[in-house]
Amino acid sequence: MTMKKKKTIFTAVVLAILLAACIVVDMTLPTYHIAVTVIKKATVYALVAVSMNLLNGFTGLFSLGQAGFMLLGAYAYGVLTIPVAKKASVYQYFDGGAIPFSVPEIFAGFLGETVGTVVGMLFCLLIGGLLAALMAYLIGLPVLRLKSDYLAIATLGFAEILRAFFQWNALGPITNGSNLLKSYPTFGKATPYVLLAGLMIAVILLLINSTYGRAFKAIRDDEVAAEAMGINLAKHKRMAFIISSFFAGIGGGMMAMYMGTIAAAPFKSSLTYEILLIVVIGGIGSITGSVLASFLYIFSSEWLLRGLDSGTFLGINAPDIFKNGFRMAVFSVIIMVIVLFFRKGIMGDKELPDLIDPKYRRKKRKEAAGK
Amino acid sequence: MSKSVLKIENATMQFGGVVAVDNLNLEINEGEIVALIGPNGAGKTTAFNVTTGVYQPTNGAVWFCGEKVIENHPQGKMKKLYKGEHDGEYTHVLAPTPDKITKMGMARTFQNIRLWKSQTVFDNVLIAKHCRATSNVFSATFRLNRKEEARQRQEVLELLEVVGLADVKDELATSLPYGKQRRLEIARALAAEPKLLLLDEPAAGMNPQETDELTAFIGEIRDKFHLTIFLIEHHMNLVMNISDRIYVLDFGKLIAEGTPTEIQNNKRVIDAYLGVAEDA
Amino acid sequence: MKKFFALALTLAMTLSLAACGAKEQAPAASAPASAGNKVVKVGVYEPQTGDNGAGGKQEILGIEYAHYLYPTVEIGGETYDVKLEIVDNRTTPENGPSAAAELINRDVSIVLGSYGSGVSMAGGAVFSEAGMPALGTSCTNPQVTADCDVYFRLAFLDPFQGTVLANYAYNELGVDTAYTLAMLGSDYDQGLVYYFTEAFKALGGTVINEDFPEGSANFVSYVNNAKAAGAGVIFAPVSINYAQLIVEASAAQAYEGALLGSDTWDNNKVIEAATGEDIRAFVTTFYQEGGAPEFDSGIKEWLNANPDQLTNNGGNDMIAAVTAVGYDAYLTALEALKLAGSPDRAAVLKAMPSVSFEGVTGLIEFDSIGDAKRDGAFIKTANTVDGVWDFVKIQTVQ
Amino acid sequence: MQELFPYLLNGVSVGGQYALIAIGYTLVYGILRLINFAHGDVFMVAGLVMVYSTTSMPIYLAIPLVLVATVALGFTIERVAYKPLRTAPRMSVMISAIGVSYLIQNLAFYITGGVPQPVSNPIPWISDNVVLFGASTKRVTLITPFLTIFLVIALVYLINNTKIGMAMRAAAKDFETAQLMGIKINSVISMTFVIGSFLAAVGSMLYFTNYPSVAITSGGMPGLKAFVAAVFGGIGSIPGAVVGAFIIGLCEEIIKGLGYTTFSDAFTFALLIVVLCVKPTGLFGEKVTDKV
């Protein structure tokens, strides 16, 4: 019991320190500072990576549709929150669009300007999540019967179809066709992102440790045994798919907030691959790993390693080698090294509290000795 | 004592042109331990799979506790290919998935151990309790089901105590020795709270001492949990010691049925096991 | 933890290997560091990679050439060395915000760019938060400046360009059916097509609009569709890569009508694809070689002096209009810095509207929205024999 | 008919190009049960090699170089990224495939500077224009289907009549048993990658002669579509992949011709999902059942 208590305290302390650091960053740095940008982007990626991990890591369903669900969330958020006054300019080719209201403004009408807008924004995020969940339900009916790699390719295909629909000019009055959605309200500071994503991740964590989460893991470990032990495969797979998509949808909405503009183009399969590789780096089956890997990945790619692309890195000036694309080349080499030689990723299947657990340390030493 | 728990009625399982189980009829009554034996490839595991819903029989029905739970008749291509008997007697299709069968009160183990490898002993058993949980995904996620969860955990602890795995409850299931893994699989099946327990070669790979222990164990749990047990086994010691009745399968067909003594003296059974010389 | 170290080690090794391979290069020759001077930084927000990478690089060349000619600026009586901070926005809007934030992080006084509208809009939001003045180069979508107080622009706008092309097609080429082709998801393409269609229909013509998905390579059926529709002109305001492929496909299918392109087409890769083929192509653009002979000869000499620069320009010393725009952008920025009297970005932002400057692409003055006042566009046609763009006329719209 | 003809001509040609890529997918999947996500990128690299080699050496050296380089790349990918994971779960191998695809694209990005590379010296003769029944097209369009069929026949002959072909069939039927029977499984797998890459290289040269610009993402779409073709025809079946590829090529061009250009890519994926749900074994595929 004391171990459990220790773990709880350890986790609480770490999380509190992180949150405090984030608040300090917000108070001392302007919103356009690269540190704030990195935190915002990394938090969004963390949420999506965790949602993908729920499906791929904990339920063993290899789905590559994450970008599609993010797209839905992002569009739902953008379409519903653009201020009425800005509609004419955003939907310049579509006569101001087909949706004559803005949800945050409606909420602002009876909750007051600040509170109402924030509530409206959160509400629209939720709608985005629900829309993604609904779509997951519909897609899941036929697709979830497929086996591993077929499922992957079918979900990938679905995301591509969705993208074509959102760029279709006939839907322009809602989606603005190929043109950007913009001018919608966003959170400038990093703390709201951290709190929001943290909350969502906490919910996913609770789910994973509940009886349903255990059933998901049973399906991952052995489908046949799980079914024989009374776990309804179709129902539980669908449930995992819908829940994962819901959070991917919310992640998409937050991504829209972070980017400030929405287009369908960024939500390509390459985005899904990027998230998948983050999950792999962090460790398939570890929430902490996914979060950690998101921050590492975004921090290095957006900030730390930028020098690799622009001539100078660590004081070495070599424009012939440190030119465009070197950063990503180095990155993909690292990823391949992880995929091939460190298959468990940073965290394996451990979580934050396990780091102080002597049991895991012992095991590790044993493993090392075994080698 | 005479209440029927499981009744397999005219079940035929045909894969393409191969008849794996041919017109199988058997009945198991409450509290019995019944064994299904036969040479390798006789169709024993297939019969299990038909009973538990893994395969849908080509023709025939399965009754559980007086209710018809599985029924099928040849359809599509099978109509022409069907080689079994009782064609046309069954007209309905009733094909529940294995999880539904388990919820009705049948739980099984596997010939080749299928534990959840990344889970601890405790969690392996706890997961099997999932099918008895009444909470929905929301109440479970937000811990509104605390009472149920606590009760289930308590039950699992007690169960592990009974099967003698309490001391290793936090070990990974795969780190257990072979015999204990077998035991854990039985414990997991018990956690699903079955009326009928199906054991697929529970003693496979065990030495005589372990087999004896298992024999005693099976008897124990039958009494303790008021179970009916249906098992497949090759260890004749175990079968003869604990079975109330035995069914013998060869080439998919039932060739004998009776008490252990009757079976031991049945000529067809001996022939099936030892082979018959063509010109004898 | 051990894995962590292993990872770090791998990273370090990769880097050090790379470093060993690299020859230590002398700092770029174009920055004569007169040690005592203060430094003012000018940010360059351009795509160097992705679909617009080629165009972005040409624009950067213009900026670099201008910087080579004018490496210092007089601000408030003091001489400052100008330092260019170039960041790649990778063509796509999702990479815009972080590239923009990176520029602000490097504390530049003004930002130049970008080639492409979508990414400019994405960056605009960040610049606006930081109060960073931005000078759009060849982004032509009206929304870049419309909703953004800090964005100014040198290029003409899509409504103007679309109308110019529609007029040219209808009146000068005598075509009454037009076929438009735009990439799905590119608001530059779609915007131009929209304005072209409006104008062409207003003139009494018919227009067939079609889109192609990103990453398409096979344009044969699109050209066949245009042929089947009896279109006398294919209007495809697409990025350079697709322009090449459309030129190729039209040639292969022996399309007899004219190809109509926007400012993106004014590129030597496109003319290369057209050379030796039996096609007709017309483009609108900002600048025509020969418009400022001194600039022409100077930049050609500069380009030829360095093989890398030549490669970035597409392999020869032909001057793209965007290069001229880049050149003007840099000089406009210096003008704004002088006017502001301080490298402080707020001061520069305040000075921007009052800039008046005669550049190689014409007089540069901003209207109330922040767009340069432009009333004419250059129309050029592809000379498929010599492989150059020939000047046709300057088209204006009332 | 006169109006339809150019679309059909183009569709058959596109189908031929897809077929050459699809065979690579289907062969590898048949043996390793792995979707080789990197195959499309191998195809793209072949295009890049062609761009660089044709500008720096005579054509009779450039073409063999493209073939050799592509085959070497396919072989290396298998040895480095898939072989070490032979006993790993399927998801790991697939992730490795995605990782390789990511790596190739990023390396290509680094080398090309992220800018699409035009094919400025296309292979002569086949890139010339010809007129057939009033429809103008490049000669390569006409050659592609015939070359494809010829190569497929050669491949089928190889698989049915040679020792290595027999080994490949055995490995596809039952990986483990084939291994037990003394078949050198690693050389069989390498061989499938070599054949797949060789055909992809040929397909690549035809494709990029027709559409002369190579971007780092150029392999993505043709790769995915070829994969869909392989699934459509029944994955593991060579004739299936070829028939599937021709059907998809034709459908795609006809859909463009009908004016649904927005959905020309989406259609392929919709077809994929429908096929997977209705008949996952495709046109010619065999049913595989899992054993409990």
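For reference, chains read A, B, C and D in written order, and residue numbers begin at 1 within each chain.
Just so it is clear, a residue touches a chain if its C-beta (ideal position, glycine included) is under 8 Å from a C-beta of that chain, and two chains touch if they have at least 3 such contacts.
As the structure is a prediction and not an experimental result, all values here were calculated from the model.
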item: Dominant chain pairing [most C-beta pairs in contact]; value: A-C
item: Taking each chain's C-alpha mean as its centre, the one farthest from chain A; value: B
item: Centre distance in Å when chain A and chain C are each reduced to the mean of their C-alpha atoms; value: 33
item: Gap in Å, rounded to a whole number, between the CA centres of chain D and chain C; value: 36
item: Distance between chain centroids, defined by C-alpha means - chain B, chain C (Å); value: 72
item: Chain centre separation in whole Å, for chain B relative to chain A (CA means); value: 43
item: Where chain B touches two or more other chains at once, by residue number; value: 54, 110
item: Where chain D touches two or more other chains at once, by residue number; value: 109, 113-114, 220, 262, 265-266, 292
item: Per-residue overlap in chain A, given as positions that touch at least 2 other chains; value: 163-164, 167-169, 224, 324-326, 333
item: For the chain A and chain B complex, residues of the former touching the latter; value: 203, 206-207, 210-212, 214-215, 217-218, 220-222, 224-234, 239, 243, 285, 349
item: Chain D contact footprint on chain A (complex, rising order); value: 56, 60, 62, 142-143, 145-146, 148-150, 152-154, 156-158, 160-161, 163-165, 167-169, 224, 269, 273, 276-277, 280, 284, 323-326, 328-329, 331-333, 335-336, 339-340, 343
item: Touch list for chain D against partner chain A, complex; value: 33-35, 80-81, 84-85, 88, 90-92, 94-96, 98-103, 105-107, 109-111, 113-114, 220, 224, 227-228, 231, 262-263, 265-266, 268-270, 272-273, 276-277, 280, 292
item: Chain C-touching residues of chain D, taken from the complex the two chains share; value: 3, 6-7, 10, 14, 109, 113-116, 118, 120, 129, 131, 135-138, 141, 207, 210-213, 215, 217-218, 220-222, 253, 256-257, 259, 261-262, 264-266
item: Residues on chain C engaged by chain D in the complex (per definition of touch); value: 48-51, 53-54, 57, 90, 184, 210-213, 215-222, 224-225, 228, 240-241, 244-245, 248-249, 251-254, 269, 272-273
